[in-house]
Structure formats: C-alpha cells, structure tokens
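Note that the chains are named A, B, C and D in the order they appear, and that numbering of residues resets to 1 at the start of each chain.
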C-alpha cells in the first residue's frame, strides 16, 4: 500500500481558521485507491515548517508529499509549478521573522520545479467540476519557503513533492470581497490531486505537459 | 402559513446549467419556519419573464417574492438595492431581443427600490458564514428587467419583492478565472434570505438600514 | 457663447490629492468649441456639496453641468447613468456625517437618470483613445449624493447634468494595486465629455442610446 | 560613457500597437546621467527573440540590458524577479510555435534570478510617482522565454540584465476593462529603471533587498 503525506499549515496570527488545517483534519481518516493518507500539521514559522515536514517524511516514508497553504484572493485550487530560493516576507511569520530577500538555502539553486504531475492533476480536478489552475508563483512567504525547503531536501529522492495553494473558506470572507471555496470542495480537490500523483508514472520532472 | 415565491431563470443560450434554476429545483420541496416555499421557472426573454412571475404571483398569492439570477464574476450572494427603468442588453436574450436604452415601462419612474429587508438579509446570511453583500446595480439586462417589471406590478401591493444575484457554480468555471459558490451554499443563502424576509416587520420601503 | 460648469470635489480626509480637484484647476482656463468652461470646487460634505453646486449654477447660468468625483479601482472615465435617493456612507464625510440608508430628498423619487448623452460621450472619448465606459452605479456616498441632489434641483430645468467618475492618479497608488489614469488623460476625457454634451441635441432624457 | 541596451518586442499578431515597441522608439534618442541608451526591436518568436538580443549585446557591448514586454491586466511597471526554464505557450508566437512544457535550455537550471536591482528600481520609480511593483512571475510565454534565454547567455558575465513588464497603453483598451498606463509614464519609468541599474553597485545577485 502506497502512502501520501499531506501537510497543511497550522493557524496563522490570531485567525482561528485555516483552510489547509481544516482540510487535513478531514483527510486524515480517508483512503485513496491503492494508497492511504497521512497528514501533518505545519507551524507557520520559517525553518520549523521545513523541519516538521522532513520529520514527517522520515516517520511515514511516503511516496508522494503534498504541501498545502492558503492563497487568499484565488478562485481555484492551484498546483504550483516552481519554488524559488528567496524569502521576502511582506508580513512576519508566527515567530516574528520577517526576512527580506534572503536565500532559503544559501548555496541552493535559484529554483526547483514541482515534481508533481501538475497538468494531470489540474485536468482531473477540472473534469470533476472543481476550479483548478496551474500557478507560476507560490509567492515569497512561508508557502514558497516550505515548498523550496522540502523540494531541496528531496532533490535526490524518488519521492514526488509539490505545493498546492487553496482558496479562502466562505466563512473567512463573508463580505464577498474575495473569492472562496467550500471546505468540501477543497478536500475533494486535494484527494483527486493525491490520487493522480500516486497513479501517474513516467518522467514528471518538469511537472507538466504529459497527461497520464 | 405564509408563502415565499422564489423565481429563478431557466437556462440561457446553450449553457445547460443555471445556478438559479438548480437552486429552485432544490428549494421546491423545502420548508421555512412559518412559511412554505413555492418556486417558478422564468424564461430568459424580455416581457415573458415578467409575465411568468406575475402569473405565479396570482396563482400562489405569496407574502414575499424573491427573483433570482446569475451574476458571473461576483463572489457573494448579492441582494440588489434598486431596479432601473431601462433595457440596455449587451447581448440578446433567448428570443433574440436586444433593446438598447429602451424604458421597460414607458411611463414608469426611473427606478424602484427593493422592498426586501436587504441589510437584514445580508447580516443574517453573513452570520451564518456565507459571503453576502448588498449590490447597488442589477445591470441593464434581463435580471434588472425582471426586477423592475415585478416591482412595478407590485408597486401598490403589500407583497415584498426584491432581486438577488448569485455567483457562478464551481463547475461553470473550472479554469478558476472567476469566483464561484457551491450550490449547497447558494441554496442555504437563499433560504436564509427568504426566512428573514418573511420574519421581518416594519417599514422596509427603502430596503435598508433597519435590522429586524 | 454657451457655458459648461464642471464641479469637482475638494480634498478628502487627509489625502492632499484629488484627481477631480486637479482636473478643474487645469480646466478653468480652457475653451471648447462654442462654449467656455467654468469650474467649481465642492466640499466633501453632505448637504454643503449640493448647495455649493446650486450656488454656482445660479451664478454662472450654465447650459451643461458636469459633476466629477473619484472612483478608486476603476480603469476608465465612467459617465454615470443613474442617481439613487439614498445615503449609505461606508465612511464619514469631511464633517463626520455617516448616514446609513437615509433618503437624500425625503419626498423625492427613488432615482433620476443622467440627462447627459452618456453613450455619445463614451463613444467619442473612446474614439480619441481614452478608456471610457458607462457605469450603472455611482455608489451611495457623497458622489451619488451630489449627483442626486443636483439632478433633483434641475428636474424641471433645461440644463443638462450628469456625474462622471474618474480613476485614481498614478501618484495616488504607486504600489500598482489599483488602476490609474494620468491627469492629462483625465482632463482630455472631461473636455471631450463637455464638448459632446454642449453639441448634442435631441431627446437625451434617458441619457443613452442615441449617438448625436 | 556607459551603455544601456533596452530591448522591446515588435508587434504581436495583427495588433499594430505594442507598448514596448512604442517605448523604445522614444527611448532611442535619449540620454541618462553617465550613460547612453541603445535600443533593439525583438521578434515575437521563440528562438529568434533570444538570438536578436544576443546579437545586439555583442554589437553594443552594454553594461546593462533591460528586456521589456507587455503584461496586459497589470496596473504597474513590474520588474520581474525570476525567469524559469520552461516554455508553456497558451497561444502561438508570431511563427506559429506553441511549445507545451518544454525546457528553454535543455540542460539549464530551473531558473535564474534577475541581476537588476529590482527593489531599488521599484523604490525609485514609485518615489517619482509612477506605479511600480516587483513581480514574481514573468509567465511562461515569449517574455519569460527571452528573459531566461538572455540570462542564461549572460550567466558568467558582468552585464546586468532583467525583464520588465509594462501595462497596456490607454488606446489598447478603451473599454476600460483592463488597467492601462500612458506611454509618457511608461517611458519615464523605464528611464528611471535604466538609470538606477547603471548607478547601483554592489552584489545584486538575488536582485533584491539592498537599496543602493
């Protein structure tokens, strides 16, 4: 039986709600075809976030790792294409760190592509009726930080990994100023993504065009 | 037992899906506290749309009428504040009508305010966790046309009426370009709106500030 | 020689810059074909704003009145179609007034259409290469308040009047979060609007379809 | 005397207007403090675009290279942070090429950071009153292609290079649907960017935090 590790950020600041956290609570008990799901709660702090996911990878020995975070303002589930080697925090993380234009790994390459089949995931999630689109920027805050750090750790591994941004929950912006997605649909979309990542074979190095 | 009539547009053009139509299918069998729901399917054509709702009002003798239509691009359920006396169709309706700057009622006033308690509805829907916001323009297409026509018909009546715009369904834009709302949440929001409209008393002529 | 009165709001809050105010400073000395421009600075306060424009109308006896205000977030010059009889201020005006859902004129009609040839203006401004679009809502703050109040005062007059919203100036949002328009282009657009309004004949009551 | 090479794309498809092309026509005859400007017109085709800029670099031997392209929908001048090693063309280029998820340089790294002082440029352009913001994605079309290709060519050089996206011109969307910037302001912003890039010293490898 294969394993998928899905890592979601814990609450940020004094906001009691985080869609990634709510999603992993519901995903914890779920099964995929030919794989089981493990989850991991990630602190919204710079280095601790990477260390937490690395520990969970070592504990669970998954075949696929999905790291998940909130992108307020987006209408769709967005598998990220690329992680870049820079921290440029517009606001401070949960421990008050606010690095400006500091490399995440000082001798690391400028970027890593996702090793998830991001196009196959996008196609499958869309076919099931949920908004989904490839994104070309995970930003420069903790989401990109975690994405880059885990990808760097896995750079010589066969474990596939990528970051998926998810929208705000409806109750997070009842004013209607920003788009939202229901928790049920976020969970469904993440399950489809995990299933595709487990099932897809072949060279997915650049994460992309081939639909398996 | 009071009655709420909820009127939703039928399919438009060759798009097989219309969130208002899907919503009234689910609302048809539902009960509110102290009221029952009647529904009505409205053709997406100029005068027929008004006539259809007037016939349903005469048949059902409701206490409250909600007319409902799609506003692609909006993130929230949006009770409309005002209907204006003009047809200015950017595209043709289902019968090929495309009036440009023609009054809906030739001797009618320039506008009618909604007689729904739009602020109370908005507050209650938001409190329940669903995005909702008052809108100040129902556009100049069939939605505003129906809103104005029904309000004109009810101008000397005690029946409360207003138009509520709803977002696209997720499956209507899987590319994620536009915001969407799940059908479950749209239905829930419309039920709350209907309940508030049935329950609220007092002078709601300008549709507004008082929260009942 | 005909006369056009162009009224722009004074500075708001502690923001030293207001595009309408900057525009009327430049428009003050300008000539149109067959008409001269008079300008008027309007305080950002509820009733004083209307009184100020009425005084200027009585002093200058113009043939056309353009009232002008800022709509942050818009990309185009937007002639407004309709003024509605309600004050619903999201924030306070310069004197601390913040009415919520109060009629502007207690026995006034729900709305007045602009008496400017808004479609002809839009077409001509676009032909000259400047972004322009009819808007169906002037909001519910001081802009709509002034629009409604002046239209109510002129309801039995032959003087044409309408409100035109203009975008932010580039220096008002250097972060690039919101769209902007250069002062030169705003001034040029307003001059074209004034020229069209002076030149157009015929029934423009609903402000609209006929291109003169 | 130092030299700045500014390269702008030629017209695309059957659109006779390209803001980058118009900008370099005006920039051609201009001087900076301590530097002169050279310009270069770039075909909107995959490999030819890179070859054209490389030839211009060899001919002019500049100290700084700015490659410039249109980003419709943006409100600001946006210096790009990073070029990624992938062509994923949503539409075909001027020669009908439409690669999907193909590396630009088959053995190249996943990405290169801009070697321009993008934060110093952004700060200086904003101080002068023009909207400007760092962007974290140059997309996956010809703009990113050119950015990556030139950065790869210059990877062991002391010549600074980066890509700057500019908004639509006002006359390119008179409907007001998308934000625009006047040509005068685009040219002014590019001149400030060139001046800052010429003047800044120090380690700008990651393109970023230091303000010189």
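Quick note on the criterion: a contact is a pair of C-beta atoms (placed from the backbone, for glycine too) under 8 Å apart; a residue touches a chain by one contact, two chains touch by 3 or more.
Values in this document were obtained by computation on a predicted structure and should not be read as measured data.
**Q** Tell me which chains count as touching both chain B and chain C.
**A** A chain counts here if it touches both chain B and chain C, and no chain qualifies.
**Q** Compare the CA centroid of chain D with every other chain's and tell me the farthest one.
**A** When every chain centre is compared against chain D, the largest gap points to B.
**Q** Just give me the whole-number Å value for how far the CA centre of chain C lies from that of chain D.
**A** 38
**Q** Please tell me the distance, in whole Å, between the geometric centres of chain B and chain D computed from their C-alpha atoms.
**A** For chain B versus chain D, the centre distance works out to 48 Å.
**Q** Could you tell me which residues belong to chain B and also touch two or more other chains?
**A** Residues: none.
**Q** With chains as vertices and touches as edges, which is it: line, ring, star, complete or other?
**A** ring
**Q** Going by the touch definition at the top, which pairs of chains touch each other?
**A** In this structure, the chains touch in these pairs: A-B, A-D, B-C, C-D.
**Q** Using the touch definition from the top, list the residues of chain D that touch chain C in their complex.
**A** On the chain D side, the touching residues are 74-78, 125-127, 129-133, 170-171, 173-182, 184-185.
**Q** Quick one: in the complex, what on chain A touches chain D?
**A** So the residues of chain A touching chain D come out as 81-82, 84-86, 88, 100-103, 109-113, 119, 136-137, 139-140, 206-210.
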